[in-house]
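Across the two complexes that follow, chain A remains constant while its partner is chain B and subsequently chain C.
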Partner chain A sequence: MISFASFPTVSDYSGYNKPHHPHGESDDAYMDLDADYDQTDGSRLTCPGEMLTSSQDYMRGHGTYVVDEDVIASVAGTIERVNKLVTVRATSGRYNPEVGDLVVGRITEVQPRRWKVDANGRQDAILMLSSVNLPGGVQRRKLESDELQMRNFFEEGDLLVAEVQAFFITDGSMSLHTRSLRYGKLRNGQLVTVPPILVRRLKSHFIALPCGVDLILGLNGYIWVSKHVKAAEQEGEEGFDAEGVYSNVNDDIDETTRTAISRVTNIVRILASHFVPLTDTVLTEAYDWTVDQQGGVKDLLTEDFGDALVASLVSRS
Partner chain B sequence: MGSRVEISNEGGYRSDGRRQFELRDITINLAQQGQADGSAIITHGLTQVLVSVFGPREAKLRSQTIHDRASINVEVNVAAFSTGERRRRGRGDKRVLEIGATIKSTFEPVVQTMLYPRTQIDVYITVLQQDGGLLQACINGTTLALMNAGIPMLDFVCAVTGGVHSTSPMLDLTTLEENDVPHVTVATMPRTGKVALVTMETRLHVDRFEEIFRLAGEAGKVLHREMKGAVMARTSTLATAMGRQRSVDKDGDEQMHE
Partner chain C sequence: MSTVLLSKAEKSYITAGLKQTTPQRADGRKLTDFRTIALETGVAPLANGSARLYLGRNLNDNGGGTEILAATKLEVETISADGSTEGCEGGRIIVNVSCSPAGYPHLAQTALEDFQHDLTTILHTTLTHPTLRPKNLGILANKKSWLLHLDLLILSDAGNTLDALFLAARAALWDTKVPRTRSVEYKAPKTSVKDETGFAGANVTVQGGDMDIDEAAPSGFDTRSQVKLATDFELPDYWDEGEDLDGRDGWPVGVTLNLEPPVHFLDATPHEEAAVPLRFLLVFSFPQTAAASNKPYLQGMRTLGGGEVSLSQIKDLIEVGQKYAEELYTALNVKLKEEDVRRTQVARERFEAARR
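What follows is the complex of A and B.
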């Protein structure tokens, strides 16, 4: 099985987590160290203009540039090394898409045979009419009449979940597809945005919390929190129900579910403001903790409560 | 000059109690401001500037897209309450537009715009308080905000104002001094020592220029140390906050395997 390890895991194997001695020991295999580097996490930090290493021994990766055989950092972040490749991963910044990523986006424009989607990337993503499932079967051909009624499927402002399909060679913008029953238009919930770096690549980005709330963790930092949909309803039959998939109307959501959705949304906001990476375990723990504390949903947004929540999560680890 | 203000007294102190080459206090705040991708609040003494950076993102107007690199769009807004005398400066004010254009041309060669073709980087600068050295504060703030937004840059850009009173050069002028003393703003890139910007609006004797220019370059290095410290502290805070949680993830995985 091919596994896609996230960046931090890779660096664990790269030999960088071994203890370094900033002074004295001249170990040329490693890049030279400076007293400024933070070593709490085993990873080293840098900022633009810092010399990292010589370009004769190493290849430059993202976040670096070469001048006179010196590899120099161009962003502030952690230095990562895979064999001879040196990269600097910025601690903040926009979403950097990769093929296969799950993203949540918002339609910004309807164009001939395509939609433009804001997916927090450096350019708007493109969703072609040919990469969506249309009512009347998966294998159906796209007709001229479909082109004329594109707004019946997605309109400006609609939210959708999709997968990155490919990149355009011309300008590197991403092309999305929704050719799965799990993808498509979003309803019954609300959107939260967090810094994209906080969403790691997980086994599944569709999370169903025990409290009856579904989460979609878009790798672009857009997170959709919604009412739980039963798996049977979602799967549908072969000729899937177009009304449901492209519907603009919310289902009935009862008071408790609404409260749960708001609570999860606020938890995500708190974790993001404390720069805590989001995973299903962390979210579940956080939810249980807030329920134990018997705080109201809006109490979550007070600073003390947020600090206490994050402190409890850290102490548990 | 015929000014009644004493620029430096017999003891060699300036009107705010500083020495000739002394810089004002600097504070840097790199916390998240609203929805901006990167932001910075920098103060040089009583001059305070807030810079927010958005992007790289899709350009709003198709005419602004450049097919092989990102375009940088700088908008400066001077708050009416920022000066002693309350005065509204509109968006079309020539002084304000000029500051914006200067900052844009300073950063175009420093930001690696060719990595992001057909996009736009928006820099919004809000001047909250001004007491001299407006351009230097704007440039330093923009450097920090761009770095905070994770936009690749060749180096820091550190700007400082230098002036000359009769024959003695001085650094980091206040409004009071800027009104009386010929001054020049110099922005340097400390790694290579290259100069990104030299600008002046007053007349300065050519014999004095070199001395001030060199001094401003030295002061740039001091500023670089401060700015780098702030950027590293911010990066370190974020990295530890994320690293702390990594152990939680591992616990979660183990539970799942059991």
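What follows is the complex of A and C.
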């Protein structure tokens, strides 16, 4: 049965009309960066138009601009400071890569000796043919014949997990590599996208949930949810073959695993919509909570259920 | 035409889920489940009718989902006998669909133009069909008529754009008000002056003898005098915006059946759209006839994608599609009436506040 919903009524937004200036009672609108910085372990939220500091004492960085010697935020986000440089890191937007980050990307283009990869950054990332593990052993040298069959490894649309290796000096785009047995082409699951800021840097971004679901939390906000693969079954050094690593064929996935994958995907979506950062413990707790509620996977999509889930997680932590 | 890239593994994951004994979809919906649809009418104050539609949008953070803005605007058009102008007797409708580039960051400009042209063609051919033409778009016989522009803007696309477009178009057309007009007639100067106060309804003739008409002897080249009833029209200043567009119950709804034989499903996400070989769009209108009101009438049909479907399958699909369309139609009508009530309420409150 199809039903139509309404938009939130205007009264929901009436809060905007009420005068509730955060700095109303105190005169700290001229923020003392040093004092604030120490108190709140470096994370303070700001919104566009808010004055951060004086441009005589500080330099303006990304996400700020100067009007009449005041440094003013141009985006909503957290204030960061390095010595005398003040920047605002936006809460929403594109992924800001750093070397060593684990990302999930999608091939957009095959070019001579390289692939272009969409990794939710400002520019497409680049994966060089020399930065992938070729079939026949890690030590194998790149051959000319490999250049001619690059689509056998990755073709347009393929998803892969990789690490940020370096940045190109010319245009600042990121270069990826998949020279590890944990990296490479993705299969047996589905992708879900969240704002990149919600994925924190963790000890490991490969998460195995007890419900038989594996997650790869890409720092670029692309999250791969897939069927659990036992560590022993992962391709070893000797068993590194093109069929296994660059395969496009899924394993058999039974219905319970599929349901679990859908459930985890919907949980990730709910958490993202409530702006809850994702960690393995949060995801496990959320999964258990939804199973306890005995709701179907579809119920997760309703707004009330999502609110209740987040409320229970907040009360627990 | 799919707007997203998908890997082979993802495609087979989606299709394998659909082919199970109990079919499963990526987000846990049943095959015939729609995502949440949010609808609001009267969003553009300068338009004659407008609607905003979100399909599958999370109202909590305003993220994801297909977002469509639809608006109608009426324009006066001259009808010329020799066909030098495009206006035609009884008015006409032009439908245009445009896609916001922000909604399709991965598409190049040319691909985007192709895409919106495809959508425009589907909507234009369906909605401007003579069987659906409203009867009150004429102003003066053989002189003036209304040209109705229906513009739809896709602000973001999260799948099932065509169904959403048809829903938004129907809502905007439902909301459309046609301004009331009165005909004005110029009489020859020597006739007696008669004041006319006819205000009973639309298209009342006013005979105004005091119109400024040339008193001098007519030139041989002046052909105006030969046209005895040179008429024009005026808009009476009245409290409401006009009358409803005729036949507003009849505007069609579209249902896209995504075919992954042996199953079909509704309201696909972009990934699902990219994974299925064939999609089948059915458009049903609901003409108001004396015999049976609101009986669905197949107004249009289109296959999208490279797959094949046999004639016998199509028959079955039309039958089930009609059922879905009726459900959608009923739900949408309830919502549109709710919206009318809500806006009357808002207008009344505003009036009360202004009077105080």
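Please note the rule applied: the second predicted complex is superposed on the first by the 248 of 317 C-alpha atoms of A that agree within 3 Å, B and C clash if a C-alpha of one lies under 4 Å from a C-alpha of the other, contacts with A are read in each partner's own complex, and residues count from 1 in each chain.
We adopt the following convention: contacts are C-beta pairs under 8 Å (C-beta built on N, C-alpha and C of every residue); 3 or more make two chains touch, one makes a residue touch a chain.
Because the structure is predicted, anything quoted here is derived from the model rather than measured.
**Student:** Would you sort A:Ser74 into first (chain B), second (chain C), both or neither based on which partner it touches?
**Tutor:** Touch status of A:Ser74: first partner only.
**Student:** Regarding the shared-chain residue A:Thr281, is it in contact with chain B (first), chain C (second), both, or neither?
**Tutor:** Touch partner of A:Thr281: chain B, not chain C.
**Student:** Looking at the overlay, does A:Arg316 come into contact with chain B only (first), chain C only (second), both, or neither?
**Tutor:** Only chain B is touched by A:Arg316; chain C is not.
**Student:** For A:Gln123, is the partner it touches chain B (first), chain C (second), both, or none of the two (neither)?
**Tutor:** Once the two structures are laid over each other on A, A:Gln123 reaches chain B alone.
**Student:** Tell me which partner A:Ala90 touches in the superposition: chain B (first), chain C (second), both or neither.
**Tutor:** The answer is first: A:Ala90 touches chain B but not chain C.
**Student:** Which partner does A:Gln149 contact after superposing on A: first (chain B), second (chain C), both, neither?
**Tutor:** In the superposition, A:Gln149 touches no partner, neither chain B nor chain C.
**Student:** Look at A:Gln56 in the shared chain and tell me whether it touches chain B only, chain C only, both, or neither; answer first, second, both or neither.
**Tutor:** A:Gln56 contacts neither chain B nor chain C.
**Student:** Could you pull out which residues of chain A sit against chain B in one structure and against chain C in the other?
**Tutor:** After superposing on chain A, chain A residues 8, 108, 118, 273-275 contact both chain B and chain C.
**Student:** Within the complex, which stretch of chain A touches chain C?
**Tutor:** 1-8, 106-108, 118, 156-159, 185-191, 248-250, 253, 255, 258-259, 262-263, 265-266, 269, 272-275, 296-298, 300-301, 303, 306-307
**Student:** For a test of understanding, state which residues of chain C touch chain A in their complex under the given definition.
**Tutor:** For this pair, the touching residues of chain C are 5-10, 12-14, 16-17, 20, 22, 24-30, 33-40, 52, 54, 58-61, 63-64, 106, 271, 327-328, 331-332, 334-335, 338, 342.
**Student:** Quick one: in the complex, what on chain B touches chain A?
**Tutor:** These residues of chain B touch chain A: 32, 35, 37-38, 55-58, 67, 112, 116-119, 147-156, 189-191, 228, 231-232, 234-249, 251-252, 255.
**Student:** Under the touch definition given earlier, write down the residues of chain A that touch chain B in their complex.
**Tutor:** These residues of chain A touch chain B: 8, 36, 38, 40-41, 43, 45, 47-49, 51, 63, 65, 72, 74-78, 90-94, 108, 118, 122-124, 171-173, 193, 197-198, 200, 273-277, 279-282, 313-314, 316-317.
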